[in-house]
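Okay, got some structures for you below.
Heads up, the next two complexes both have subunit A, just with different partners, subunit B and then subunit C.
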Partner chain A sequence: MIVIKDICKNYGEKKVLNNVSFHISKGERVGIIGLNGAGKTTLLNILSGILQPDSGFKRVSNTENILEKDDVKRDIVYVSGTKSSLWEDLRVRASYENCISMYHVDKDIAKKRLEELTEAFEIDHLLNSIPRDISLGERMRCELVYAFLISPKLLLLDETMIGIDVSIKHKIMKWLENYKIEDTTLIYTSHNLQEVEKICDRIILLDKGNIIFDGSVEELLEKYEPLYTLSVNTKGVYPDMEDLPIEKINIENGIMEIFYHKQKIETKQIVSHILSKCEIYDMRQIEPNLTDTIKKIYREEL
Partner chain B sequence: MGELRTMMQMLKMSFLTRLEYRVDTLVATTAVFVRESMNIIVIYLALLKFDKINDWNVDEMLFLFSILFVTYAFVVSIFADLRHFSDMIRGGRFDRLVIRPRGLLIQLILNNADLMASAGHGTLGIILFIVSAGRVGIVWNATTIMYYVGAIIGGILIQGGMFIFFSSLCFYFVELESVREILYWNMRKFAGYPISIYSKLIQGLMIYVVPFAFVNYFPAQYLLRKPDMANYNELYMYIAPLVGVVVYALAYVFWRISVKRYTSTGN
Partner chain C sequence: MRTYVEFAIKKFQNKMAYRLEFFMGIVNTIITIVVYLCIYKALYEGKAEVDGISYAMTATSFVISLGLSNAFHFNEMFIQDKIHDGSITNEFLKPVNFVFRLLWENIGEGLFRVVFNFLPAVVFACFYTKLCAPYSMGNFIIMLISVALGYLVLWLLSLIIQVLSFWLFSVWGIMTIKNVIVNILSGVFLPLWFMPDIIKKIIVFTPFESIYFTPIRIYLGEVTGMEMLSKLSLQLMWIGILGGMAGVLWSKGVKKLVVQGG
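Then we have the complex of A and B:
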């Protein structure tokens, strides 16, 4: 579906992408993560065809120059917080009508799909509005409906949750999680790593224009050996843990927090050890999440 | 059909937007009308002193102006988005047009139509036409009416073609306003007078480079047959309406070649 090889892009003196290479297969859901200025949006702009790399090879949907082929453009939708797909001077409903016509979506299917999407994204009251008259969050919801109305083969979503209210965001996230159409390849950028973790199977980590990781969420967690946390209430009895390969122990308000790598010791070994010394009244295991892992990676990289 | 519908929607929305701000629209239209009328009045008063310029009397000159205003009334709405095309590229607004599976020019035409400027220029153009057309000795019959309509369409296409050409240059150079100012807006000012009053250089520019002479001078010559036409090939009068088609087609080809160079300005 996508082949990127040794792509470089500079803005003046600043290197934004530096020999970036990867393949993305049909149907993959890829999250691109990076700090501000890491090159995420530049990469999506290059994939969409609106930005040309300074050097390197790019092929999307078997085409090297997307912009010259309308039939290829019909398979791709790019939704961005900074680049609206909607016609800024037309009512949202008219944008959808144009979209249905431009992308050759069957009218009956489109009508049914629009009804579903209108309800899912709660935009019924916005259909007769003009995009420039509505809030950013509302516009982004309308933009997402525009994207899913088409049912594209390649969906590029760049910071699409900006400005969206928490309650609706949760609903949209659920919808995105369930949006697993076999043919659709999804590339998703966000600063919110929980979103990426929920939606994507694969992660590409960018740092200063370089790919520093490319793999599944599980591989990422494994590679960077994040700490697991076991929170244990032993009612004031704190057993000696010195013989175990534990990284750190915190004791606060009578609760013992034990930090450890799963590669070095299993949770059940720690629990058995504690039980051999005292009683456990309450216990909770906190798995490392992607956010902490990424923070750790960038701290190390920086 | 989709393209036509989109263009009509653009026009409808421009119209509805103006309607939402009725007072502003009225004020802006009046302002354009008054500004252009003042220019015409100043020129008119100056011309009264001379009686004739290169054998063109005041009414004939007003007729020349009327063609310029009527054609521009259409141009300013049809090609409004191309007037500040470099801003559109710099601001990233062009990106979203590029990724849509639809012709780029089709998306630009009638978008953001400046209906206030159209109304202002159009009203003035029609008034000048009404004032002058009956007093310049034109025999209005089927042939002259058809020629006049063809010349108006040709004039719109010439100016539209120039807008497209200057917009295409934005794919090569970031800042072009000064070039456009010199070549388009100044030449347009010159086009208010018979081109025979200018130096050979300006005449050459207005015939072969920025062909405003085919917007109003040669069409007016076809209808008025003034003596200074002897300085030019007579064929120019007859082909004037067709020049628009040629200029527009060339500009379109140049646009198609140039747009391939497009790359977004950034995030």
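Then we have the complex of A and C:
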């Protein structure tokens, strides 16, 4: 579906992308993560064809120049938090009608799909509004409906959850998770790593224009060996843990926090050890998440 | 093609939603017609003809050119605004030709103004003053073709200046100057018959005569036969020249945006 090889892009003296290479297969769901200025949006712009790299090779849907081929453009939708696809001066419904006509979507299928999407994204009350008169969050929901109305083969989502209420965001996230069954290749960028973790199977980590990791979420967690945390309430009794391969112990307000790598020791071994020394009144295990891992990578590894 | 026609219909329908603007447009057109016809009447001072041109011909010329300028009424800052807010690149990704889409949408908006602003005002003008009937049915039909060609000449002039937004921060000033020049040299407010000879000689070498004055002269039967064909050819020539210029500028502008990222 997508082949990128040794892509470089500079803005003046600033190197934005530096020899970036990867391959994305049909149906993959890839999250692109990076700090501000890492090159995420530039990479998506290049993938969509609206930006040309300074050097390197790019092929998307067997095409090197997307902008010259309308049939390829019909397979690609790019939704960005900063760029609108809707007609600014037309009602949202009219933008959808234009979209259906442009992308040659069957009218009966489109009608059914619009009904489903209107309900899922809660935009029924916005269909007769003009985009410039609605809030950013509402607008982004309308933009997402525009994208899914087409059912594209390649969907590029760049910071699309900005301004959306938490409750509706949760609903949209659920919808996006279920969208996995569709045969769409998804590339998703966001600063919210929990979103990326939920939606994507693969992660590309960018830093200063370089790919520093490319693999599955599991591989990322494994590679960077994140710490698990066991929080134990032993009512003031703190057993000796020195014989165990534990990374760190914190004691605060009578609660003992034990940090460890699962590769070195299992949770049940720690629990058995504590129980052999004292009673446990309360216990909670905190699994590492992607956010912590990424923070660790940027803080320690780089 | 069907998609482009649907774009035009959408813009037409969209305009219908703004009822106040719709009624104010009619009132505005009627006031403009009354004011200018009063000025022409005063200039004629009761004479049957001035320089061989009757008052009815002048009034007809003004009403037709006003109708055409009504048709040519849209947001000429569209491309500039799209470049400034960054959404122009999203437009490139739509699977249609951006320039054709713009043309058809502008036609949709223009037709709305002609049907709902200009035609009611013409009916009013017919009661208010005597207007010339078309010279012949043939001339009337060819005038409609000439109107379409004149519209394209004017639209391409606007497009060329809009496309300059790829290089300039604001084209508002250039657009304003263009509109003033078009209004004067194409004879919207003062028919070209009354222009000084030196200006008329210069206008022959510009596209301005092709915009409003050629269709008006065909309607009035001032040009017939081979001369009519030569005027239509001249309009086509200007469309070719301006279309070529707009095409080259557009390609260079898009390339600049895609290579440099804005």
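Here is the rule we use: the second predicted complex is superposed on the first by the 298 of 302 C-alpha atoms of A that agree within 3 Å, B and C clash if a C-alpha of one lies under 4 Å from a C-alpha of the other, contacts with A are read in each partner's own complex, and residues count from 1 in each chain.
The rule is simple: a contact is a pair of C-beta atoms (placed from the backbone, for glycine too) under 8 Å apart; a residue touches a chain by one contact, two chains touch by 3 or more.
Please read these numbers as outputs of a predicted model, since none were measured by experiment.
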Report clash or fit for the pair subunit B and subunit C bound to subunit A in the combined superposed model.
clash
Please work out whether A:Y103 is in contact with subunit B alone, subunit C alone, both, or neither, and reply first, second, both or neither.
both
Return first, second, both or neither, reflecting whether A:I255 touches subunit B, subunit C, both chains, or no partner chain.
neither
Would you check which partner chain A:E68 touches, where first means subunit B only, second means subunit C only, and both and neither mean what they say?
first
Subunit B versus subunit C as contact partner of A:M241, first or second or both or neither:
neither
Determine, under the contact definition given at the top, whether A:L127 touches first (subunit B), second (subunit C), both, or neither.
neither
Taking the contacts subunit A makes with subunit B in one complex and with subunit C in the other, which residues are shared?
11, 42, 45, 48-52, 67, 70-71, 73-74, 76, 78, 82-85, 87, 89-91, 94, 98, 101-103
In the complex, go through subunit B and note every residue touching subunit A.
1-2, 5-6, 9-10, 13-14, 17, 92, 95-96, 98-102, 111-112, 260, 262-264, 266-267
Partner subunit C, residues of subunit A touching it in the complex
11, 42, 45, 48-52, 66-67, 70-71, 73-74, 76-78, 80, 82-85, 87, 89-91, 94, 97-98, 101-103
Touching subunit B in the complex: which residues of subunit A?
11, 41-42, 45, 48-52, 67-68, 70-71, 73-74, 76, 78, 82-85, 87, 89-91, 94, 98, 101-103, 130
Under the definition above, what is the set of subunit C residues touching subunit A in their complex?
2-3, 6-7, 10-11, 13-14, 17, 85-87, 89-90, 92-96, 254, 257-259, 261
